[in-house]
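Working notes for the structure below.
A, B and C label the chains in the order they appear, each numbered from 1.
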Amino acid sequence: MNVSFRNRTPKHRETLWGWGLMVPTLLGLFFFTVGPFLVAIYISFTSWSLFQGPVWVGLANYKKMFHDPLFWTSWWNTAVYTGFSVPLSMIIGLGIAVLLNRKLRGMAFFRVLFFAPMTIGVVASGLLWAWMFSPQYGLLNYIFHFVGLGPFRWLTSASTCLMSIIIVGVWRALGFTIVIFLAGLQSIPEALYDAAAVDGAGGWRKFRHITIPMLSPTIFFSTLIGVIMSFQVFEQTYVMTQGGPGNSTLTIIYFIYQNGFSYLRMGYASAVSVSFLLVIVMGTTLLLRFQDRLVHYEN
Amino acid sequence: MTETVKLQDIPVTRRHALGMAGAAGAVGALASFGVVTSESTASAATTELEVWMYDEPSRTAIQNAQIAAFEKANPGIKIKLSRTDFGTYYTKLAAAIASGTLPDVFMMSGAYFYSAVNSGALMDITARVKESKISMNDYYYAPTGEDISWQGKTYGIPGEIDTVALAYNETMFKEAGLALPTAGMSWATLLKSAKALTKKRADGKQQYGFYSRNSSQEAWGSFVRQNGGNFLNSTGTKGALHTASALEAIQFSVDLIHKHKVSPSPLGVSSLPGYIESTGNPFLTGLLGMKFQGNYEMALLSQIKDFKWNVVQMPRRVKAGGIGWYQSWVIGSSSKNPDAAWKLLNFLVTEGQTIMAETPGRGLTPSLKSATKNPLFQKSTAPDMRGWTSGWKDHFDFSFHPAWLEYQGIYSKALDPCFNDNANVKDAIMGATPAVNAALANYPWFNSSKLSQVGIK
Amino acid sequence: MRTKPELESKKLEFNQSGKKISDSQARTKFGKQLITGSVYLLLILVALVVIFPIIWMVLTSFKLEGEVQVYPPTILPKAWSLSAYRNVFKLYPFWLFLLNSFLISIAVTVGTLISSSMAAFSLVHLRFRGREVIFLAILGTLMVPFAATMVPIFIEMAKVHWLNTWYPLIVPAFLGNAYGIFLLRQLFRGIPRELGEAAKLDGCGPLRILCFIYVPLSKSAFAALGVVTFINSWNNMLAPLIFVNDRNKMPVSVGLAYLNGQGSSIWSWIMAASTVSVVPLLLMYAIGQKYVVMGMTMTERNK
């Protein structure tokens, strides 16, 4: 080993070390990400209940998927969840970040407070919000009662359940968007604002023509992450509503879990997983394709 | 100039060595924790049995008592118990089957029994049962052999039963001066009592006579059975809720809410004062006169302190029954210790049942008839357990199927608008039947004729 | 067109407060105070909305159950009581759950730091063919949700008899973590290449460069990744739920989920269990919030 190694050129050695240090990651990719996913693709062409061995069924699972109303319901719920929680958390987050960006005392304290919900897990936040949402004894209906609204049914009614989950999602993600936007805001050079002030621009115009374009990389990044994470929402629904009532909070990942783990339809669940990944990849590619048009980068 | 690079060439200071050793040690210790806690501690002289049971607080004391008693009586056998949360139990069992790591003795439910036995996961115990003192006549079991037999052979023995009885608020009945419900009473009497009890109380709270809801297990499912209908046809290959008797029963259940108004609607239940949503059981509020109540919620019911309550056998139309099923004990076909496993199974369905009957905190009903007559069992509950155990022949009947979870879900979801908003029951069921049949057709190997009458000794 | 010096002086005049102000500036000063006041008010309101649920959870955990199921709800407990804690610990072995969470999370954190730093270093400092491709592949895995691969992984684990152990939870951490690699790579890139080159000339191998140059210079990055990995591992519910059976091997995230489905929801107990599971995380956050934020958002505080 000694001799042959010494005879290798430095470049060779660097390549060996490069790959060598990557070995754990490569193993991980093989056994825990890429490998299983390739297996999932194979399983999606079979019918497998674990009790019996896998049986090849070709495209049957995919055909079934397209005709399954619950499949489309899950996508719809996921889309609604994403469509509300991502913009909401970004708009509110941006608003708060703008407020926090003033050089006032105590801003750091507020930052700490706002970020705290991100450290609490999904289960704990799900439970505590389920308690707040309690139609009878919960705090929320009590507060709304004071303003003359409600009582709302929150998690117990199909019409309000998804909204309730969205509220929890926004609550948790708020800290993330605030911090991201704050960092983005702080990287905008003062000079730009000053120049605009010279030209007589007021607060709103400054916001529209300086802040937003300069923030567009951050907005883009935040949207991309937000969408990818929101599409994968599952644990909230598992803990708070179990997909109900009446499938109103059945999200696509929950649908996969339900079919795979509860109904033991591994083949079908894998087919849905494959379609999920395709959608994410397509969506991400699309967003990245439009990045140049949407995002203003400083050269 | 090229240089050899060997890890030992890197000078390792003492501090670094300590640090790395400490980290490696810690990590190794942590990682092996998983191994240690799952490794067997059996020595060569003892046999070890891997046993899987459900994980529920109401079972823990009973399970512990059973295992302790068995190990005491059989010093050569050690039990390695694995408790799994019911929600993931069967998935994990299926994975164990797929990977060939079946436990020795485990609990089995009718919903998965067919898939399990069809995949060869269960051991044939016909001969052992024949040789033993066990007679199926001593147990509550389904005459069709559900959960215990398949194609003429025996694979399991009932461990505990889950059935439904008519629970009633005795205090409420007495206050209203009404006669208490009796076993097998008619639907007409049920309706009459319910109407008499539905009123606004002196304290302003609304009281209801009955609790009807979209539940295939308790409410409409039981009504269907009482009316002589069933979920599936006689061969178990097609849905049968569209038959006249079934439709009539479901309609009756819906009418109790929307026509006779003796039951709160699903939406109205959540505003019942004192109702705790996740219990799913408004009987505890004391504002319901009657309810079809499963014995598997005993732990919940034992929390009732504000009023007296009891259970009686279900009402009768054609049958005085409801829905019933049981969990059976089975042996894994790949068990390396079949004799020891059989010893444990035998124990669990004989002395183990007595332990179940006598252990406090029980939320379980033994499947052994004699155990349910145990005076401790009879005495330790307010309600008369006979409400659950009598008429058992009318409870158990074939409704399980490999696609049980799915087809039940399809029917239930279809009935949601009926219970919520009084939609037409017939339309809902007819609309759901194709999907149900499609779900059932996923298992072409299943046919109820493969179940057999269990040999009665 | 105003010249720059004029601009500067104008800025100075605005930034001063309370010194030599004219009438119009006095009016503006009041306006400024009004704005400042309303900003604070708004922030306080939103902060309350954000933080109050957590406070509410803790307060509920100290109430007697009889006081919890009442309307109108009370804010502070009439009688502070630990009975909820006592009861929930009696029902489930939460001490054990906490210990399990701790052990699992420590192991996962150690593994993630080691494997991610190795991979990140390899991607940043060493040059080899296929480097970019590997990095893209790693990034791509961030888009593959666990739900997509959990079925095959589950079967994989069943076949190697790793079910009902902690191996499926801990081993993947030692085999690379896409987020960790991404984070560390970002921060490793900030380290001047010359340092590594100089070390190489001195005869250091890549491992020494990693351990003695890159690691010491990235202490805050490691702290950030470490803290975030610990928190995420602590909060992970799905993986332990799927891979572990026995109750006494479960971490606290699953223990909490047990309470949810128990049929009798005694809210003070549930809140007590939630508080117990959350306190270690909040403590961690209180002590090292800079790192938590950095780790989760890859940003650093400027002021």
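The rule is simple: contacts are C-beta pairs under 8 Å (C-beta built on N, C-alpha and C of every residue); 3 or more make two chains touch, one makes a residue touch a chain.
In this text the structure is predicted, and so the values were computed from the model without any measurement.
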B-C or A-B, whichever has more C-beta pairs in contact: B-C
Centroid comparison with subunit C (C-alpha atoms), farthest chain: B
Centre-of-Cα separation between subunit C and subunit A, whole angstrom: 15
Centroid spacing, where centroids are CA-atom means, of subunit B and subunit C in whole angstrom: 40
Subunit A-subunit B separation of Cα centroids, rounded to whole Å: 37
Junction residues of subunit C - those touching two or more other chains: 69, 155, 205-207, 242, 260
Residues of subunit B whose C-beta touches two or more other chains: 3, 5, 88, 95, 98, 277
Contacts with two or more other chains, residues of subunit A listed in rising order: 50, 134, 136, 261
Subunit A - residues contacting subunit B, complex: 2, 5-10, 13, 47, 49-52, 134-136, 153, 156-157, 246-247, 261-264
Footprint of subunit B on subunit C - complex, ascending: 69, 91-92, 103-104, 106-107, 110-111, 154-155, 158-159, 161, 163-167, 170-171, 203, 205-208, 241-242, 245-249, 258, 260-265
Interface residues, subunit C side, partner subunit A - complex: 2, 7, 11, 36, 39-40, 42-43, 46-47, 50-51, 53-54, 56-57, 60, 68-73, 114-115, 118-119, 121-123, 126-129, 131, 134, 137-138, 141-153, 155-156, 172, 174-178, 181, 205-207, 210, 231, 234-238, 242, 253, 256-257, 259-260, 267, 270-271, 274, 277-278, 281-282, 284-285, 289, 292-293, 296-297, 299-303
Subunit B - residues contacting subunit C, complex: 3, 5, 7, 9-10, 23, 26-27, 30-31, 33-35, 37-38, 52, 55, 57, 82-85, 87-88, 92, 95-96, 98-99, 101, 274, 276-281, 297, 299-300, 303
Subunit A contact footprint on subunit B (complex, rising order): 2-6, 88, 90-91, 94-95, 97-98, 112, 115-116, 118-119, 121, 267, 270-271, 273, 275, 277, 402, 405-406, 413, 416, 442
